[in-house]
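Please see the structure below; I have some questions.
As written, the chain order gives the labels A, B, C and D, with residue 1 at the start of each chain.
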């Protein structure tokens, strides 16, 4: 059997990769791709904890399904914002969206 | 190593490799396609965890809808899809450092936890995960409120996204 | 247990015994035998697929008052093989500006998305395929990979027609997936399970198309749109987009898209029969032998496929705005209304005798469909009057 | 676990067969590429620029509405499995759930976002 630690390490690695993408990418859509990786890492943890504790308690799976809804909401609004910004400023590079800085 | 461990290792390596491609590829459509590959790997991980419903939903929602939305968005925000200029900001090494530190910190914290090396129990016979999930989502003692709130969340996302992206007044033309 | 009653198990046991007798590990032998079984099923499907080309051509010829292929072999039966040889020995050109890896991956994924659908098809009472407890959703998951392959093909070809075709096709596919998902919930509600086999078992006395004729109809419409066949074949739109997303493909890669489409249509004919017409069931005949059950399923799937072809060669192509408007303004609200009515009637009639249950469900379906049609008719009449500025369009013609 | 093994086998075989078919075409087909053959097909006219251009926002709207209803369906499937056994109360929950989302569809419709312009 695969011990729980493997799944947790796997999820942590995926989370770190997503974090790296969020921190370093210049394109706003690429940043959202990184956020997706992080959300998936969280979901792996939730499902793994469900499987490795009491399987009759469905809380882990319910939370995972709710994370799907959150991810969908995040993506739809996030990408809508990116498209809206693109139409006004003609760029999706996050560094150049600095209007609020001064 | 048992067969299951080998399968897990292959799946994890494949998923993490695809994940690395997502954050490093220059072409954004390729990055989105690598994301699909990563998400498929995660779906296989769910299947290994006996979460059939979550695994299939992962493919339906992420690959069938979210990835398509990403590809559409990439094509909507590029007059010229060939990416010019660097794709990472100049502090990428700091980002890499933070990511490695976060991974090390998580690994350190988790390894100190008592349940870290737990082994999963066998699934009970006649285990009906979807029935249990349906009961959990609709029972007032369990998660009926999150169930309805999810609907409100999706409504808010739909209305907000439609308003933000396509409000006629927000167009500069 | 004899070969006649359970051929798959007998053959698998024999092979496994043989392999372990040769000194192979038991688990490995099991996996190898399963692999061979899957390979056999898919190979048979590909052979069937070749004959589907012939069937489709013969049927369309009859619809158009022609004879169809009749030169190569008896009734032109060898014609599809000649076509395949032609596809194999054709030069495989790749457009210069294409994204090579994605371009080559797309037809493979397209075919694969159709083939894996057969994993969840129950062929006979003893041959359930993979009796997944999320079988119904598996259908949509495989469809998601198909959608992805189309957008990959359109994008990587670096051709404007391919791109527009792919975008339109994907917009239509994702739109019609909502009524389809909703209609998949109706057998789920009746059977209380998402497993294909349980759904077939639950249709023991009464198939679901009697309980929910409207549901079966909406599922068929959504399936045809999902397949991208006429009247929803605007992605191909020869007159405007030349061939749509597969314009730059030639040789066997094009063949994969073409064969995939035909097999997909046949498969969805089969799923239509499984979900609403009882699958391999036919008045107890399926209990006689698995061979008979498979034959029944194939005949039923052929009937479903014939209906899909009938629609294709009767209807004309509709425009994309009409198509999406039809889906989002009519089909999706109707599908949701039907789902809620079904769930409500199912709860209200929970303790009722069977005849009352069936009658109630049937009535609920008819009423829902009728109300939807009446609303659509009055709204469109109002719109038409606004556009034409005429009070009574019928009298105006006199 | 076992059942996913069969799905994996289907995926593997489903990849092998089309790859084999395409490889057969690659082996037996002639290979005489030239620049004209490799040019992008545009009904005989020389293609101007590549196809990786900007597309209109309408496609995004349909994908967006689809995503929201797709996730909604995910929530409804476990509900649909159990609704026959748990009685009227659960059905009403489902009705509320769907009604809330239909408001979103009506909003999108009223904003004219479902029109193909």
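Definition applied: contacts are C-beta pairs under 8 Å (C-beta built on N, C-alpha and C of every residue); 3 or more make two chains touch, one makes a residue touch a chain.
Because the structure is predicted, anything quoted here is derived from the model rather than measured.
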Pair with more cross-chain C-beta pairs in contact, given B-D and A-B: A-B
Centroid spacing, where centroids are CA-atom means, of chain A and chain C in whole angstrom: 33
Centroid spacing, where centroids are CA-atom means, of chain B and chain D in whole angstrom: 17
For chain A paired with chain B, centre-to-centre distance based on mean C-alpha positions, whole Å: 6
Intercentroid distance (Cα basis), chain D paired with chain A, Å: 21
Multi-chain contact sites of chain A, meaning residues that touch two or more partners: 65, 68-69, 72, 75-76, 79-80, 83
Residues of chain C engaged with two or more neighbouring chains: 132, 137, 155, 167, 170, 174, 177, 193-194
Shared interface positions of chain B, touching two or more other chains: 4, 48, 50, 52-53, 57, 60-61, 64-66, 68-69, 73, 75-77, 129-130, 133, 135, 137, 150, 154, 157-158, 161-162, 165
Chain contact graph, described as a line, ring, star, complete graph or other shape: other
Chain D - residues contacting chain A, complex: 57, 60, 64, 67-68, 70-71, 74-75
Footprint of chain B on chain D - complex, ascending: 1, 4, 7, 52-57, 59-61, 63-68, 70-72, 74-75, 77-83, 86, 90, 93-94, 96-98, 100-101, 103-104, 107-108, 111, 113
Contact set on chain A toward chain D in their complex: 65, 68-69, 72, 75-76, 79-80, 83
Of all residues in chain D, those that touch chain C in their complex: 3, 5-7, 9-15, 17-19, 21-22, 24-26, 28-33, 35, 37-43, 47, 50-53, 55, 58-59, 62-63, 65-66, 69-70, 73, 76-77, 80-85, 87-88, 90-91, 94-95, 98, 102, 105, 109, 114-116
Chain D-touching residues of chain C, taken from the complex the two chains share: 31, 34-35, 38-39, 42-43, 46, 87-97, 104, 107-108, 111-112, 115-116, 118-119, 129-132, 136-137, 155, 157-163, 167, 170-171, 174-175, 177-178, 181-182, 185, 188-190, 192-194, 242, 247-248, 251-253, 255-256, 320-321, 324-325, 328-329, 332-333, 336, 339-340, 343-344, 346-348, 350
